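The two complexes that follow have chain A in common; it is paired with chain B in the first and with chain C in the second.
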Partner chain A sequence: MTDTKKSRHYESSLPMVSRRNFVKSGVLGGVAAYLAACDTNTQEEFFAKRFTELTPEALKERIAWLEKHYEKTYGEAFKVGTEGPIPDVLFGYALDLSRCVGCRRCAYACVSENNLSRDPQVHYIRVLEQPKGTGLDLHLANPYYERDHVPEEGHVYLPVACQQCENSPCERVCPVGATWKEPDGVIVVDYDWCIGCRYCMASCPYGARKFNWGAPKMTTGDSLAVKVLSAKPKGEGRFEVIVEEALDAPERLQPPHIMPTVVKRPFLDAKGNRFMTETLPVADTNPAARSTTRYRFEVVAKEAPATSSKDDEYGYFLDAVNPDTHYLGNRPRKKGVVEKCHFCLQRTRNGEYPACAEICPVGSRKFGNLLDPDSEIRYVLANKRVFVLKEELNTRPKFFYFFGV
Partner chain B sequence: MATMVLFVLIGASAYFGQVTDGLIRTGMRDQVSWGFYIGNFTFLVGVAAAAVVLVIPAYIYDWKPIKEIVLIGELLAISAIIMCIAFVMVDVGRPERTWHFLLPNFPRSLLAWDVLVLNGYLAINALVAFHIMYRGYFGKPYNKKWVLPLVLLSVPAAVSIHTVTAFLYSGLAARSYWNTAILAPRFLTSAFCSGPAIILILLQILRRYWKFDIKDEALHKIAELMAYAMFINLFLLGAEIYREYYSDTHHLIHHEYLFSGLHGHMSPVAPYAWASVIASTVAFLLFLIPKTRKNFLTLNIGAVLIYFGVYVEKGIALVIPGFTPSMLGEVYEYAPSFTELQVAMGVFGVGAIVFTALLKTALPVLRPEDAVGPAAEAAAEASA
Partner chain C sequence: MRPTPLALVLSATLAFLGCYGEGKRGDEMPRFPDHKEIGSTTHSAANADPSSADIDEFAVQAKAPPISEGYFPCSDCHADMETNRERRELEDEHDSVVLKHGTRERWCFDCHDPDNRDELRLASGTKIPFEKSYRLCGQCHGPKLRDWRAGVHGKRTGKWNGEKEYLLCVHCHNPHAPLFAPLVPKRRPRAPHEITFSKD
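The block that comes next holds the complex of A and B.
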């Protein structure tokens, strides 16, 4: 009995309110400590609003903050655009399977244009090599083919990225509304709102959504340095430049004979000058010396790139981030969020083609406005044998495949 | 208890590593984007839902022998739901943003619904359990007027948590393996096996070590209910297998991955899948035959087999084959990483600690001689 009384006394003497306060302050303190330990971007994001709910003033503030933050992080001036959809425009894409050679230039152009992670590798475009005569049985497809030359005899190539479905399962399932369809038909992700639950990835029939499993690394930092062999002026601040890649670099590129360079791909020389390529890189492999690979392309620059005078002098780092970004497009992402192809919003909303369409060496990629009856894409839809992937799922893609020849 | 604390510490340190490096520490990748965490989550939703198996006869039919153990079922449900929420939390890429659930994509996202029903179910069970315990502490019977409606509400709530979780999978047209109408019934029937399996063993432990008064009759009744549930569960599995193999479409490939393997080599999940089916079948027979059901050795073997069978069915055989091969036909052979195993261990540790703490608090209510405080005084006065 005495024991019981003692324990009762003990119980009632426990100040319940202060215990609750203790728990409360513990939880709040934990959150505060977590936020304090995080980098400033996470703190800013924690209180960031959904893109669709930002007032124009708040958006302006957010953009200013982001641009400053990116400049601090990546060491160069960033532009984070917020261009809205163009009125009376519905973007559509068509891909000519009879032309595609499976060179994967599109996939790598996308990587540099859209600031995709190089390590771990994230690709929006997956090119499937399919044995001819197997229809579209994707279980026989190989996305990891490595060929010295493409196309490989007896195979067709099927590049797959986001199909920008009109009836999109991914948008439907998102528990927090972090992904939606823009009026120009593009499905976008608010990288500051996504919680990383990956339900959208489970729902996507095309494997188009990518998760940042680790912290995205947009520059590999080392290597991929090239030696400038010559730089000839071509008028109007353009130079034709021939470079030779470092000895071990080709192995790093998949497949090895392809230069992962994109139109308007930015890169820096040893002095920190920014150069922009403006035409397709042309592979010019030196067959006599398989260990080196030469490339010829045009750059836009104020002054001629310095050519190397010594054998071991490497001038260019090809791994630069693309500072020309869009809030819902290619601005840098963080680990733990989902991302996907957005038809290069930063380009297409400013009247340019997506990087993949622009770089395609065989012209198999057609992009345009589905609402414009005179557009090339409408011509394709009206005159070619067109199909969409997994039609039976009623996703109604705005990405079409066709056989042009 | 010390072991559980150690589990939690190991889990916490592994989780810290995962938060630092990202989910790249897990075995999941874009091809198999959910894995061990979500499998465990799905299994535990079933355990939580299973409390109703005991609640229904106890309250609706006022079936006396089971009534006392309902509280234990509810405490188990509370612990299971807490583990469910923890498994979702460790699976998301940006846990600090989970407050975004407060602005959900209603009514379109099933995951938003799931958050709602899980928390609702947790709230109902917590209210009922804490009310009974609170009143018990003062030696008073619980207030039937508002406990009964809540208990009745907890029945559809339990069905809803597992139905919504099943719909979360079966609503995805892209994943033919999950896109089947009998997924929700299968979830419910397997839950009615796994949850009671834990309770069966738990009650015997309580009875032996804490001299808790539980009649054999109650245990055998639970086992009988489990036999029926397991029969329906196996029947539904058979119906699914028949449809896939007889119609032999492209969709069969996920079942082939589950039970055999693709491209000529055995998949890592196949041995588990077979073991699960065999364990469930043997357990069904053990629980069906009155003689083995009433023998405590075979009863306990059956409970362990059922637990194993359903754990594999929900934790491994549901999630992984749904993702393999991937949407573009790729076979990525997922296996949980060491980090995932450690974090899961931590979550189970948290669940065990929560359950033990709740049970120790509830014991005096369940067993009058352990009563402390006003209840003990009242009992002492009554005996004097």
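The block that comes next holds the complex of A and C.
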């Protein structure tokens, strides 16, 4: 009897589908249907391989696609670099706590240089203000301080970003291997491979990792920047320009900054004329203007930037997106991935200082090669009182704090 | 041959003494980075006395000295003028200079050369151009000069692994009133509950 029943049962289910296969094919079909409905961009992003697994040819193809994709999205030519670590280099950073005044220029230089999202806001560097004499009780620290002028009497400032730990918890908890330590000591993220689980954020004792809650926006008009006070011809298409930062920009606007001069990127006037900045800014030499935000630098342009006639006219805009990028560095991210400070890979692997170090008005930020005994950073380690944040956690940061005085 | 216990003790003592001696030497001679030269010759005299070594051996000056426009060369006006060495309040010219830098102890001619205004003057009487004004500052601020040479006081731009650009002391500090004026900070970041974004 039982045999008959069994055979009848077999007969009735002609192509036998196991429950597992049914679910599998359903899911695969769903994904395929979703991808088929998506544009080619999403498909390309979906099938992007992990950076470390790309063959040189595949990487080349990927870069070409990315550059084209970014150019289409942001309307200007992009360079996505893949410069590898320099042999015998281990990057280290030192910050002079006795000099930092908490002006937050580093945080905004970073935003501009590294294409951080302005909306929703992402900052790699948080500057903590703390009452003097409280040691490192970080629960007393306030990153949201608002002051007319800094440094505020009786307070010290502690800027915190990624500490580039040698023993990095974030790297270890990543379930998909989307973040790792490069041979030059920088912890990087493969934005194509990150699944946005945010385990790394939970594991980081420094709060250095940031999540893109929305699609990052860089061209929001937040970059209203400077007022041109004067422009003098210096010959051969060069002009000496004095600009002033727009400190009292409307609430909606990102705090303006002197980035066009720092990253040597073009800035635009209202008509879309481009002015390429050439030299680093120097604070206006008029002693009375030293505490103001006037800067003097050179631009290359066909004609001189027009001076802003009215007092409240800040007619020059930063070119908001930085098209000079690195694959593991500041190339535009997407919604749902984690990002972090990478010591400005696109700059430092080409010998430049990170943007935050270059902009610091008090020169409290020092950067260099820990393996070079003649470097500035080694001088700091050898001659100054140095400490690392949360040493007891054995994360072994390569970001050091010191007292220069 | 196996080392005898006596030889071991002796070598350990020697090693200890060696370390001690080295430590002493290190204390007496602070390390200066002036051996880090880029495309330049070594000055043995300069190495012997680091305070007189020129920084442009290993870095380039980023900017000309910040002298107010139309004021240099000083001799344009001063060549025909009689030198008034009296300490007084300046009225007709240079009245914007407010001295807040050792006000009681210092006067113009402690730094500016009374005989040739286009130059500066060290306490020793040595004359130096404005481009080397760091030597003047270093007369009193020795440790700062040492840190500055190492690129640790002040800011270096250029290349971290190549040619560096330096700023003079006076590019950041007004020599007549060197204390940094307070800065206007940038806007605070948004707190988590304030973060908004437009949905696409």
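Keep in mind that, in the parts below, the second predicted complex is superposed on the first by the 290 of 405 C-alpha atoms of A that agree within 3 Å, B and C clash if a C-alpha of one lies under 4 Å from a C-alpha of the other, contacts with A are read in each partner's own complex, and residues count from 1 in each chain.
Here is the rule we use: contacts are C-beta pairs under 8 Å (C-beta built on N, C-alpha and C of every residue); 3 or more make two chains touch, one makes a residue touch a chain.
Keep in mind that what you see is a predicted model, and the values were worked out from it rather than measured.
Contacts of A:366 after superposition on the shared chain: chain C is touched, whereas chain B is not. Judged by the touch definition given at the top, the superposed model places A:379 against chain C, while chain B stays out of reach.
When the shared chain is aligned, chain B and chain C each come close enough to touch A:126. When the shared chain is aligned, chain C comes close enough to touch A:151, but chain B does not.
In the superposition on chain A, A:305 makes contact with neither chain B nor chain C. In the superposition on chain A, contact is made by A:204 with chain B only, not with chain C. In the superposition on chain A, contact is made by A:193 with chain B only, not with chain C.
Contact with neither chain B nor chain C is seen for A:332 once the two complexes are overlaid on the shared chain. In the overlay built on the shared chain, the residue A:215 is in contact with chain B and with chain C.
Residues 120, 126, 143, 213-215 of chain A contact both chain B in one complex and chain C in the other. Within the complex, the chain B residues that touch chain A are 21-24, 26, 28-31, 33-34, 88, 91-98, 100-101, 103-105, 108-112, 115, 168, 171-175, 250, 253, 262, 322-323, 325-330, 372-374, 376-377, 380.
Per the touch definition, chain A reaches chain C in the complex via residues 86, 89, 96, 101-105, 107-108, 119-121, 123, 126, 143-151, 213-215, 217, 247, 254-255, 257, 280, 282-283, 285-288, 290-291, 293, 348, 351-353, 357-358, 360-363, 366-369, 372, 374-376, 379-380, 382-384, 404.
Residues of chain C that touch chain A in their complex: 30-31, 33, 35-36, 62-63, 66-69, 96-98, 147, 150-162, 165, 167, 171-172, 174, 176-177, 180-191, 195-200. Only residues 1, 4, 7-8, 11, 34-35, 38, 42, 45-46, 50, 120, 126, 128, 137-141, 143, 160, 169, 172-178, 193-199, 201-207, 209-215, 334-338, 390, 393-394 of chain A touch chain B when the two sit together in their complex.
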